[in-house]
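So that we are looking at the same thing, I have put the structure below in structure tokens.
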């Protein structure tokens, strides 16, 4: 019992220390910078804003819709990118044709696409989902392709030797062998996609953490902006931890 | 001679095929979608817009300033993140304190920071550089930390055995051993940072490819927006290739 | 049953193979002839890079020779199949599957019931002595146990021919001795034909009925040494030392060029 | 010079060591005593996991024992140093440095001119026969050549003591034989004391003046077998077979529990 | 809205057409807020869609995702010029744009060579800058005009990154309340009856749902009258749509008026003239092409 507390304490202490450090630096900048208070709110101001957001239930509402959009976009990206990536990884000739398209589109910010996203997907939920989809799609696709391409030769030889059908080979050999690589792509994609939440909720969305931030910014309520930033940061951190947990579970499950 | 042509042809053919495919799909969407021409320009319209941008020298001007900002931001990020990452990788206790700060700040879009970026860095070149810096900083930092942490135990034992000074150990053992990992972080960061060029050039910049796109969007000149997107995509692709070349050179240089 | 006595289990005739890389072609095998009887254990002994793995690969159907003929049980080999199983040096176990599941995979696609699959897998796992570790994952096993699992996975397919590429190279001496004995026991029980690639002279003498000596550039079989002795062959035996010296001298005497390459 | 005759090169007294993992502690070494004379080659022979590497690590100063005393040349060992070089099983060559540069690294921090560093490195590279491959990178070398490079890097430091952890385990038999001979030649020339960890009985007999037999749980040295024979010891020799049988029987006779563990 | 109760039977009617109107949370869109809150209209459902920036709003308007918007009229003219079927049916407000400068700027001449922010090249604010400079005998190029998101302007001014700006409200009032800036000019000092934000509807919407459009514009007009009262009720409504400091809102409301929201031909012509003079547009749509006063003038 005491030991468990001790162990948890040992783990959380540096986290708390880190966050306190952040608060202290922030407060120092506020005090030493002599900025207009509305232009750089102090930690206390933001805490009050955050508290109000929580009490009024607004935060939870925004958070819920953001998470909903994120999950839909991310899961869609997963469902499209993984099979496509596995296919492209197994068909190097096709990949050589598709690769330049991917490479050309990947470095373009979703913001640049927004006129076309509005044209095709309207405003509200769908563009936000599409932007999160786009942000998650490329890392997952590329990691799936890379994962499949580096499946050890020996596994492929084994499946030839066992005369597995192409489908059985994909399901039983290629996918699981590529999975650790794909999982790291999935992990990375959570980060990238979550970053684009703000961009996604700029396109006519009326709710969500991204909207909260943009709206607060337009109202020059920078305390709310920071409250939104903290919420996004915390939530991103939790999502990241969740994916990490999932990864570790899979690893344990497979004894690797 | 014939052979070289043949080999180059074999490499460029799929690229050309891929790009033509993209053009065909685009033209098909334009024709079948019956969209307002102003809202979805045809490839030909964009080609003309691109040609005008090139002839007037505008494109080159924007490209140059964007590349300049990108390079400054990216190199600064490299110069700060690599030493910091190596340090944090070698000091796990400090890292446990810093890590939560990093994890909290990483998932926040640079766009959300823009009020504070203006507050601290003003408008024009510097915010664009800062945003690119932020976008590149985290992937490089994390890859440097990870790289250092997975330097094989045996190299560290070797340097103990040789009684190398701490500095010599960092320079001669830790850094080169972590380099492949750092290089892949550098590679990834090019992609992420370039994506944020558009966001970066939204904060009061009056030039650059990002500005070109935003300005064209303001003027509802979507042909110019697409021309900008293509330039950004191509340029991103070239940057990516350049980093890949650099990586390969380093690998060859070190015979790994 | 009668014609198997006349048709060799494996027959390789005038096999040639070259690899080209960066426009420069290298002859790896040149006019290789091998004939192996059913139930025989034959070792391929040679230095690193002489083409042993390549020859084994071609016999298994994983690669194609440039010219020459390879037959298994009289049938021309064109692609890999279940009649002939390759045991890889790195075992080729799937790390995400347990011992049992790795072995059962080899029965996938056969018209067997779940119960039959499970029974047959369990039988061969017991045969290699892993009945207690059926649910373990490869990473939880020692090298020797991993090699046993791979062996069980190969045997469960009841192949006519087993190809083994340096099967014991990664094991420590004690484990190696134990596994070698066990391989002989199982081989006598299952009557499988084995081609064994190795660069360990002692291993070749201990295990095989015949040792084929391979030399490099281009890879050819330069000598065949029948080992006439009961198996397993005791390493302390005087005859053992005789074979050992003979094989060593064969390598030493194949020209000064070769001796220098040893030093590499 | 005189007192070195009385002070042993290495002396380990009552060394104990345990690892704790997940709150569960495992005794790896228990009351280990070793004494090694200057210029001697001593083998540590034992099965996987019996604590050979741990003992070597503690002698090298890379880890600390829980109790007991370790001295090198009479000096208490507290941390690794240039007087005693560890040769790792995976060689520990830096892949981004050429052969020459890997060897020169070992001279970093000494007050030598560039010319001196270069000359001394070249000397030891020649000693291991790699003078033609000085500019090659580790990845461009065969396993044997990599091991030679590591040896040159160790020798260039002119240490009193060389610790070798399964130095030849990853090499093929032919290369291994050649390198073993060469190690003996160099040792005679440089008069360095060597502790060699191995699980190859033949290797231990061929190379060493004394074989220490180690048993597991907890790791102790159960027997010491002096090998009285000119080096290198011919493997075909009848005496060789005598030592071989004796060592094997030592392992076989150490209880049924042990025999079963072989099977693992 | 008290009037909402009079429309009780509404719920029994078949699904009412939904009218989506886009806006940016600025004081200039006050009539929209009031119309939506007082709900005097009937026969349709009004949905106000908030956007974060003008380009985002224009994307939605151009592609027909919203039926209309309260938007910078120049942006709508530009869209019209490029073939998007839009009509301007009313003004958003009258006057109430202010030129804000740093406290040390005494006159327009002091702005020589200094950075000066505008929200958008296609904005009345850009034209106001042009007029101000022209009146002071300076060329447009004499200041560094910088496009900046309005929300960043008070910050940039406070930190001395820019010397002044002209933009929609409440961003001017913000700097004044913080006492980081002062009013150099009111827009009516530079250009009386300037045309700024306008209520723009898609032609398709007007044609297909004429009655609804008329009803909507009628109550828009009424909302403008209500807004002009500038009483606590109005402020309360505005605060629901714009989460800003009360003080900032008070200041900005003092500068703006909302009566007389009809787009007059004379004012429009001046605007059109300036757009051509400044090279913002070669062929801006004419009054006849672009302005549709039939809805506004319809007496219901």
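The chains carry the letters A, B, C, D and E, assigned in the order they are written, with residues numbered from 1 in each.
Operating definition for what follows: a residue touches a chain if its C-beta (ideal position, glycine included) is under 8 Å from a C-beta of that chain, and two chains touch if they have at least 3 such contacts.
Please read all numbers here as calculations on a predicted model, not as lab measurements.
Touching chain C and chain E together: A. When you average the Cα atoms of each chain and compare centres, the chain farthest from chain D turns out to be E.
The leading chain pair by number of C-beta pairs in contact is A-B. Chain geometry summary: the mean Cα position of chain A and that of chain D are 50 Å apart.
Mean C-alpha positions place chain D and chain E at a centre distance of 84 Å. Taking the mean of the C-alpha atoms as each chain's centre, chain B and chain C sit 50 Å apart. Remark: chain A and chain E have CA centroids separated by 37 Å (rounded to whole angstrom). For chain B, the set of residues that touch two or more other chains comprises 39, 114-115, 119, 202, 217. Along chain E, residues 55, 59, 63, 151, 155, 158-159 each make contact with two or more other chains.
Every pair of chains meeting the contact definition is listed here: A-B, A-C, A-E, B-D, B-E, C-D. Listing the residues of chain E that touch chain B in their complex gives 54-55, 58-59, 62-63, 75, 78-79, 82-84, 115, 117, 120-122, 146-149, 151-152, 155-156, 158-159, 161-162. Looking at the complex, you find that chain B touches chain E at residues 36-39, 114-115, 118-119, 122-124, 202-204, 206, 214-215, 217-221. Taken in their complex, chain C has these residues touching chain D: 47-48, 129, 142, 144-145, 169, 172-175, 177-178, 199-202, 235-236, 241, 244-245, 251, 262-264. Of all residues in chain E, those touching chain A in their complex are 22, 24-25, 49-53, 55-57, 59-60, 63, 65-66, 150-151, 154-155, 158-159, 171, 174, 178, 180, 242-245.
The part of chain A that touches chain B in the complex is made up of residues 14-15, 17-19, 21-22, 35, 39-40, 93, 96-101, 103-109, 111-116, 119, 191-192, 194-199, 202, 210, 213, 217, 220, 222, 225, 228-230, 232-237, 239-240.
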